[in-house]
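Multiple structures are listed underneath, in structure tokens.
Next come two complexes, and both contain chain A; in the first it sits with chain B, in the second with chain C.
Presenting the complex of A and B:
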């Protein structure tokens, strides 16, 4: 309850500071959408050359992409902590965070909240709805609940992975190289994982479970495939809780190793 | 009750050794060497409630590291800390409700939003009720003359204005202990005085315990009943300021201006019975240096009896000089014999 009211307070302040720079706000929304649009165009171009990708049709892959955009948008809104290491560890802003009575991760997240990214989620939902109709999938009310559950689980997976990634900064001096690497790997999760070789597939499913953010939960709604990914779809919530818990534990342990900056 | 209780506190950092040159950097890439740096070396002290204690030492002596351990930011390598009855790094979120922290070199406020909005946000973070918050804020605003600043964004404040706002921010939740890390750094004399007066008054009225680090010894003279001096991670002095002066200052100087030319030999002859020394400044002025063991009145009596004096000035060694001499003498080693209490 208190965290919820804190959240609201931070959002209000965000609005006050950012909305004063109106053009900046729209440029961010636009560049976000452009980036996502490029990815979508890439998918469409691939399907100009082949009718199916590992047994997945164009509409199905677009559906997966649409689904992926929803948790990704939510995640980007609350976890835009790309500069965590630099700002909080190197510059020592963590000092301030640690002298306040709220969980340190929560404070860091709130200080960096970025609502424009939520528009990406909205666009994703629209893409998903259109593909849903195109594919002629059956629609039950339960599906809405399932979408919500799977989106939340996917967000938790993302959140856990990036929390863990940020927590590495507590242990290592300059983990700058890891973030772009992860950023690239996460993109693989939106495509059907069976197109990759076994090792990458294993990694995307169990080690850095980005497959659980896009293709696996999305396949729950799609027609059954030969190597049935949708069986894994219901594990997504479990993965979400496990990955997020691990990320949080690593963070909590890491905070104790924080060394401060300068004197 | 003790506000702060520290026993055998130690903090070690692992520091990477950088080898020289390009080849060194390449070697570092594959095999790093670390060395242990002990910033705080088994210090112990206790601060009772309601005391204002100054924490001084050279740059790098370990002051900030200690403060960071006391405020729960850093986890000590070994030793016990109790602040307000809590172990700071263990119950961090509960513990920080009872303390206020100001880092002079780093802002606690949000850069882009108005000061009052920062305060409102802190009110939520610290769960202060609206009426309590209003009352406290009005009081603080009045005392620190912040009235017209509240609606300005922090980035547009001058350093002095910002520092007063920082103080308010750290006190909104009415903490019983206040940690100040160089609170007057870079401030002009007017703001410094204002802040000192404010702290003094708050300490008197509400019994707030204050621990402050500073390089400005006037802060210490104005505020502190007690000084802890740190050198190279060890406490080399812990006690009253006067006592520090007495222990470390070697004596005082008296400048005489005589009515006529007076030779040093003549003066030495007059004070032959006392352990003092003379230096000539001009034909008619001379300085006498006397250790604490010698009474000023005795010394004066000897001189007055034999010469005609126009003017006398007494120079007490000031704290700056004393502290400078302690810092530069590498006193950590000498202190073992002289200061162990």
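Presenting the complex of A and C:
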């Protein structure tokens, strides 16, 4: 309950600061959408030259992309902690966070919320709905619950991975450059994973499970394929809980070790 | 006077050298990106021999060389200029006895030289070991490509300078700079060669400078544009280089008149 009221206070605070620069807000939304649009344009252009990509049709790949945008938007809203190492460790803001009673991760996340990213989720949902109709997939009420469950699980996977990555800063204060590295690897997860070789596929499924954010949960709703990724779709919630727990444990352990940047 | 400008190249080069560790991970990131697009294009080709005039092997080379060219020509001149305008330090630069924009270009070139020697060349060697890239054997192709690559750098830097200068007119051009970056990546042909674009879009691209940054030189390098036509392509680059000087000059002239420094 206290956490919920904290959440509300942080959001109110955020709104107040943002309303001072209204035009920035819309420019940010627009450039976010343009960036997402670039990937979509890539898919659309590619399918002008080929009917299928590793056995997936255009509407299916667009469907996967639309699904991917939903958890990605939610994740970007609540986990935009790209500069955690610089702002909290190097500049020492972590000390301020730790003097307060609420959980440190919760505070750090709320200080950095970025609601404009949620518009990406909305666009993703629209894209998914359009491809759903195009593919003529059956629609049951249960599907809405499934979409929600899979989206939440995918967000947990993202959240766990990036919490773990941020927690690395507690152990090494030198900039590791690992966050931009991960940011680029996650691009692999937007496309059907069966186009990659075995090694990359294994890595994307089990080590850095970005396949569980896009293509695997989305395949639950699509027609069955020969290599049948949809068998794995129902493991997504398990993966989500496991990955997020691991991330959180690493964070908590890191906070205990944290000694401050000095000075 | 010229030696002062050359010193700007040297200073920036040495400064970048101090932060070289940051660029080692850059090589891995570019290799990852090249890998993603390599597999994607393999799947797109499937069992087809050529698409939009590119063979599969040419496409692999195109992806590798385009990303590595980006490693060279990429810079943050737009952000540097915008920051100097916003924090007011541009005022100090303006009273110094040199051309501010030329100095920026020289600094960009110092960064470019560093990126070329410690990012592009080692990156290209690593990528050639991992992926089946076929390099051109004709030394003439190499020579033409290197000259064209230099113009890629010039044109990209010009676009950056122009974007940065807009900070004189709007107080916050952050969104514009992000938009520019996405547009350059998409329309210059790093992600998809212009030849793949639908007819109407590639027709528009013919009239924009972006293709001169990546698509034209990479097409020469992969052999899609034969060396006999390379001269024609090179002329397009030169024309864009000269053409872009005009809006930069106009913006610069208008900007100096309305400079007001926020805060102080």
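Basically, the second predicted complex is superposed on the first by the 261 of 263 C-alpha atoms of A that agree within 3 Å, B and C clash if a C-alpha of one lies under 4 Å from a C-alpha of the other, contacts with A are read in each partner's own complex, and residues count from 1 in each chain.
Criterion: a residue touches a chain if its C-beta (ideal position, glycine included) is under 8 Å from a C-beta of that chain, and two chains touch if they have at least 3 such contacts.
A quick note: this is a predicted structure, and the numbers were derived from the prediction, not measured.
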| item | value |
| --- | --- |
| Three-chain arrangement built on chain A, chain B and chain C clash or fit | fit |
| Chain B versus chain C as contact partner of A:17, first or second or both or neither | first |
| Inter-chain angle, chain B to chain C through the CA centre of chain A, in degrees rounded to a multiple of 10 | 90 |
| Contacts of A:101 with chain B and chain C, given as first, second, both or neither | first |
| Partner chain(s) touched by A:188 [first = chain B, second = chain C, both, neither] | second |
| Contacts of A:6 with chain B and chain C, given as first, second, both or neither | first |
| Greater residue coverage of chain A in the superposed arrangement, chain B or chain C | C |
| Chain B versus chain C as contact partner of A:49, first or second or both or neither | second |
| Lowest C-alpha to C-alpha distance for chain C against chain B (Å) | 8 |
| Overlap of chain C and chain B interfaces on chain A (superposed complexes) | none |
| Chain C-touching residues of chain A, taken from the complex the two chains share | 21, 23-24, 27-28, 30-31, 34-35, 38, 41-42, 45-46, 48-50, 52-54, 175-178, 180-181, 184-185, 187-188, 191-192, 195-197, 200 |
| Chain A residues touching chain B - in the complex, by the definition given at the top | 2, 5-6, 9-10, 13, 16-17, 92-96, 98-103, 173, 256-260, 263 |
| Touching residues on chain C, where the partner in the complex is chain A | 22, 24-26, 28-29, 32-33, 35-36, 39-40, 42-46, 48, 51-52, 172, 174-176, 178-179, 182-183, 185-186, 191-192, 196-198 |
| Chain B residues touching chain A - in the complex, by the definition given at the top | 13, 16, 59-60, 63-65, 68, 71-75, 89, 92-94, 96-97, 99, 101, 103, 106, 108, 110, 112-113, 117, 120-122, 124-127 |
